[in-house]
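Okay, so chain A shows up in both of these, paired with chain B first and chain C after.
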Partner chain A sequence: MTRGGIPFLAPMLALSVAGFLVPLVVLAAFSFSDPAGGFGVANYAKLFADPLALPVLFDTLALGFKVVVTTTLVGLPIAVLFWYAGPRERSLIVFLTLLPMLVSNVVRTFAWIVILGRQGPVSQTLAGLGFISAPRSFLFNETSIVVVLTQIELPLLLLPVLAILSRTDRSYVSAAETLGAGPWRILATVVLPLAAPGILAGWVLVFASATTSYVTHAAIGGARFIYLPQYIYREVAVLFQWPAAATVAFVLLATTGIIMAAMALLSRHPRLAAHG
Partner chain B sequence: MLNLKLPRRSVVVGLGGLVAAPMFGVSRANAAGSIVAAAFPGSWEDSYRTVIGPVLKSAGTELVLAPALAQDQIARLRASQARGKPAFDAMMVSPGQTATAIENGLIEKIDPSKLKNWSKLLPGARTEWGPNVTIEITGFAYNPRLVPKPRTYRELFENPVYQGKVGWSGFGSNTATIAWVEIAKAFGGSEDDLSPAFRILADSLKKGAVITSNNQQQMALYQQNEIAVFISTVGNVANLRGRGVQCDFAHPTTGSPALPVALHLVKGSTNPNAVYQYMDAAISADVQRQFSMPPTEVLPTNTDVPLTASLKTFITEADMRNLIYPNWAKINPNRAAWSAEFDRVVKK
Partner chain C sequence: MVEGDRLFRAVVAGLGWLAIAFMVAPVAVALVMSFTAGQTLKFPPDGFSLRWYYVLFDPLRSAPIHTAIWNSLQIAVLSVLGAFLFAMPAAYGATRLKGKVSAIVEPLMLAPLVLPTLVYGLAALIAFSNVGLRPSLPLVVLGHIVVFGPLMFRACIAIAQRLDPNLEEASTLLGVGALMTFLRITLPLMLPGILAGAFLVFMHSLDNVSISLFLADARTSVLPLRMFAMIEESLDVRVASISGVLIAVVFVGLFLARRVLEPSRRNKNLDNPT
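Moving on to the complex of A and B:
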């Protein structure tokens, strides 16, 4: 019997087909059905004619991009710290990165309600230092949603980057130093390009997770910041308009899928797919 | 030291079996002596689990509770009925959803002879589709340290003392839905015309009104003093008090909307006898007596259970005469449009 091949992939393929592809096809079929039992694009036409739908879609994608940017700004310094750290410090950084993931996203989100609330430490500190005249709530705005999602999604960016960096051969850095490159040049032209596949993988994960994080959107943003997950929930659970909900879900899937595919293609650029 | 030889073939077969096992296993509804009952999340779910769960267990039935708001229950049942396998064996809903459930063929008429406690119920609590286990009284939950006692819906919008301190939510819950109907009436509208309510809502957004996704979020925000007033039920206020949170209840002077809560037998339940056991337990004097005490403090419908002294602080005989029963026949057809309009108004 030969090793590898389709027989070894069969169980996973069967699960993927049964658990993912089949429901996806059912969802697609629903999105193209109408209440009269016919088939067509009426649901999509109705969705894009709704003055609420396109702003909700753009807001959702914009939120995803914002969280990608903020997690990158916060995560890259940690990655650089990891790069220059010794083995014990590296273990500590990995442990601290993984630690929040032991707590459910829902619990972390509700913890942020306390932190950002009127009586929370942020408000009390700012009031105590005189930056604000009285304690106030920092909830119910997009900035707080981005901050909370940054904390929640940070491990999704960091883990692929740390995994790449931990395999990176330090001799590249030694060679660059020998050739006269300073630390910042080494960082910009050696370390970051080598970490780029991990960064891109992290961006894909962060974008997908941030745009679909219903609990965080609802709990931190309230009902005034409507993103596609809440839109889908309303269509399913309040309005019972399942074909419409399937349509919105498919649009979300398609747009995030296109963006993720673009990021994945970018990661295949010869200069970025460096590891061998 | 343990010397375990595990060929790869065995590991793969074993893991495959582990994953495939649920496909051949019994569904949760078929497990001997068990039912899945939907219950409102929060204090309802907690109290039903802790009080009714053991009662059923002693009779050989396992009670599994699925927390879901009334609208969610309808959505889940409609989705699961399409597959021929209901998501629950029993529902817990208010009249609006009862009407929808009947319309969609989701529930069955009950046989009262199977309920030993049927004759103990208030006459109005006995319906052919199932017993009413309580009547939820809705009104204003408020923090007396931060705001004065509210008296009218208009006051919450017009009195500057409440500005930025009131939490509102949309049409996902019955409590909020009937509140918006009452607000519309207060500003010249009706059950057919909610436009005054949406106008005043739009205006209040400029003054810092807090719009939440649901009532549970309002309770969480209330505990953090993010809001000082929200529309809620006597039971939720009692629950907050039971957790040491200062909270009082005020009846609107225009009348307190009342929501009878009924249990229904879902069509296609695989264990209807256990559902009757569950219903009978929920309307029994022992259980209702426990529910009428802190922290749940819901009104009993069993005539053998008197109102507790604590419940009498929430509701008097005069309040009982001033209860408003919403016209769900008018509300239900408009709810979808109202929900969509609410999102359009509040979206930033």
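Moving on to the complex of A and C:
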């Protein structure tokens, strides 16, 4: 079946290797470069002994996991709604998922500054109801970062799930209903396992995006909550500590890689892979 | 059983639409905010006007923003062009590979989509600096093609896999060369995928911060970073009117995409009546 696909592929293959793989290898090599010349783990020793960098790294990874959990909690009801919806409702849900996804992250971050700001609807409502004595800003804390990132990353989790669900035959559910299963049971034993490969794919995207959203971290977190993107940018642009930045970046890359590999293994699990 | 069903439906619809409202509301907030008559980001606004759009479009008062928009548009258009030239043929080529080979090639092509772009931005900065290239607008474009080209690849491969090989065969049998067959038969058939891919690459390029952060030089200001600076410095209400324009672009794009992709969607629904 090979009918000359290579000439069409060659330019992009070359671009992927020279423009993508080589820089990543250079990044890795750079992180293992020794200040005295040659190779070594001096940068990593320094990173793991650094009382400033280490908490930033852990906070960032923790943030990624928190956002994965919250997007899943908010996303699942939408996925279930989609599963039971008719074709018109389904295409509306897809539209309402694509719309926020395609609107710039900066725009959505800005919208949250309006919503959570001192003069925003949250503060005004709570002040009006007497829950807070005076209007105040709800920005600049970790909860707000998680809430904002949940809204921003939600479409990344949903799209692969919706894609799988729209390809899936409903006769699975009919069969389960015929056999006398109730709707909650069908949800847990039929629909969720069907959607699992999409959920796993979404988790990887959400984690990779939530840990590297420079603008959202900086604008919603303010100066007190520093995550890896700001840390890396500061090392590069302000302190000119390129090897240190490369080391932190490579740790982030390796962590994401390990998570992706784990997800790939999970999705080969016989119970999950059956419908993938 | 029927009672349980009704409760189940109500819970699913209630939670589901609540979650969708949470997902979409910020877009509506940004849009409404852009029409405020006030000086601040008070929401809901006390009155409505187009004043911040006038200020935004005023070439004297918003010159730095216009420069940033111009730079971002150039980058986005060149990235779409690059993605088209590299990723579209690759998607077509990938469908002509043996299963085993394409199982290696496809993940390699799509890999940039799942890696943190911030890490790639830094990696590209270090690698390009090593060969003597300094941050500049062309480097930003190159970075965007590498990272967002796979969006074009993914959109095109979905279409390319469904192409009827008989059409190409017929053209070849009629004595048309391979290149002409590709340009006149295959390319037009792949147009829906190309347009969808172009839209995705364009929007992602326009929105990208983490690659521009490392690969743009100090003089090349891009729109998302300019907006970020405006948010950080002064909570400038013009950010709202820029947001309004960007949201309008997304609306138009999605509307056109529906028009272009509608025939294939209708077929899918017929195949699989629900």
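Everything that follows uses one rule, which is that the second predicted complex is superposed on the first by the 259 of 276 C-alpha atoms of A that agree within 3 Å, B and C clash if a C-alpha of one lies under 4 Å from a C-alpha of the other, contacts with A are read in each partner's own complex, and residues count from 1 in each chain.
We take it that a contact is a pair of C-beta atoms (placed from the backbone, for glycine too) under 8 Å apart; a residue touches a chain by one contact, two chains touch by 3 or more.
From a predicted model like this one, the values you see are computed outputs, not experimental measurements.
Q: Please determine, from the superposition on chain A, whether chain B and chain C clash or fit.
A: With chain A aligned, chain B runs into chain C, so clash.
Q: One more residue to check, A:Ala219. First (chain B), second (chain C), both or neither?
A: In the superposition, A:Ala219 touches chain B and chain C alike.
Q: Going by the contact rule set out at the top, does A:Val238 touch chain B (first), chain C (second), both, or neither?
A: first
Q: Can A:Phe20 be said to touch chain B (first), chain C (second), both, or neither?
A: So A:Phe20 only meets chain C here.
Q: Looking at the overlay, what does A:Phe65 touch: chain B (first), chain C (second), both, or neither?
A: A:Phe65: touches no partner chain.
Q: Touching A:Val114 in the superposition: chain B (first), chain C (second), both, neither?
A: both
Q: By the touch definition at the top of the document, which applies to A:Phe140: first (chain B), second (chain C), both, or neither?
A: In the superposition, A:Phe140 touches chain B alone.
Q: With the two complexes superposed on chain A, say which partner A:Gln230 touches: chain B (first), chain C (second), both, or neither.
A: first
Q: Taking the superposition as given, does A:Val74 touch the first partner, chain B, the second, chain C, both, or neither?
A: second
Q: Tell me the contact category for A:Phe32 with respect to chain B and chain C: first, second, both or neither.
A: After superposing on A, A:Phe32 lies clear of both chain B and chain C.
Q: Give the label of whichever partner, chain B or chain C, reaches more residues of chain A.
A: Higher number of touched chain A residues: C.
Q: Which of 1-9, 145-153, 289-297 or 325-333 in chain B clashes with chain C after superposition?
A: The segment of chain B occupying space taken by chain C is 1-9.
Q: Kindly list the residues of chain A that each of chain B and chain C touches, one partner per complex.
A: 8, 11, 15, 110, 113-114, 117, 119-120, 218-219, 236, 242
Q: Residues of chain B touching chain A in their complex?
A: Residues in contact with chain A: 12, 16, 19, 69, 71-72, 74-75, 78-79, 169-172, 205, 210-214, 217, 220-221, 224-226, 335-336, 339-340, 343-344, 346-348.
Q: Chain C touches which residues of chain A in the complex?
A: For chain A paired with chain C, touching residues are 1-13, 15-16, 19-20, 22-24, 26-27, 30, 74-75, 77-78, 80-82, 84, 86-87, 90-91, 93, 95-100, 102-115, 117, 119-121, 151, 154-155, 169-170, 182-184, 204-205, 208-209, 211-212, 214-215, 218-219, 228-229, 232-233, 236, 242, 245-246, 249-250, 252-253, 256, 260.
Q: Can you tell me which positions in chain C touch chain A when the two form their complex?
A: For this pair, the touching residues of chain C are 1, 4-5, 8-9, 12-13, 15-20, 22-27, 29-30, 33, 40-44, 85-87, 89-90, 92-98, 101, 105, 108-109, 111-120, 122-128, 130, 142-143, 145-146, 149, 153, 178, 200, 203, 206-207, 209-210, 213-214, 224, 227-228, 231-232, 235, 239-240, 242-243, 246-247, 250-251, 253-254, 258, 265, 269, 272, 274.
Q: So in the complex, which bits of chain A are touching chain B?
A: Residue positions touching the partner: 8, 11, 15, 51-52, 55-56, 110, 113-114, 117-120, 137, 139-140, 142, 218-219, 222-226, 230, 234, 236-242.
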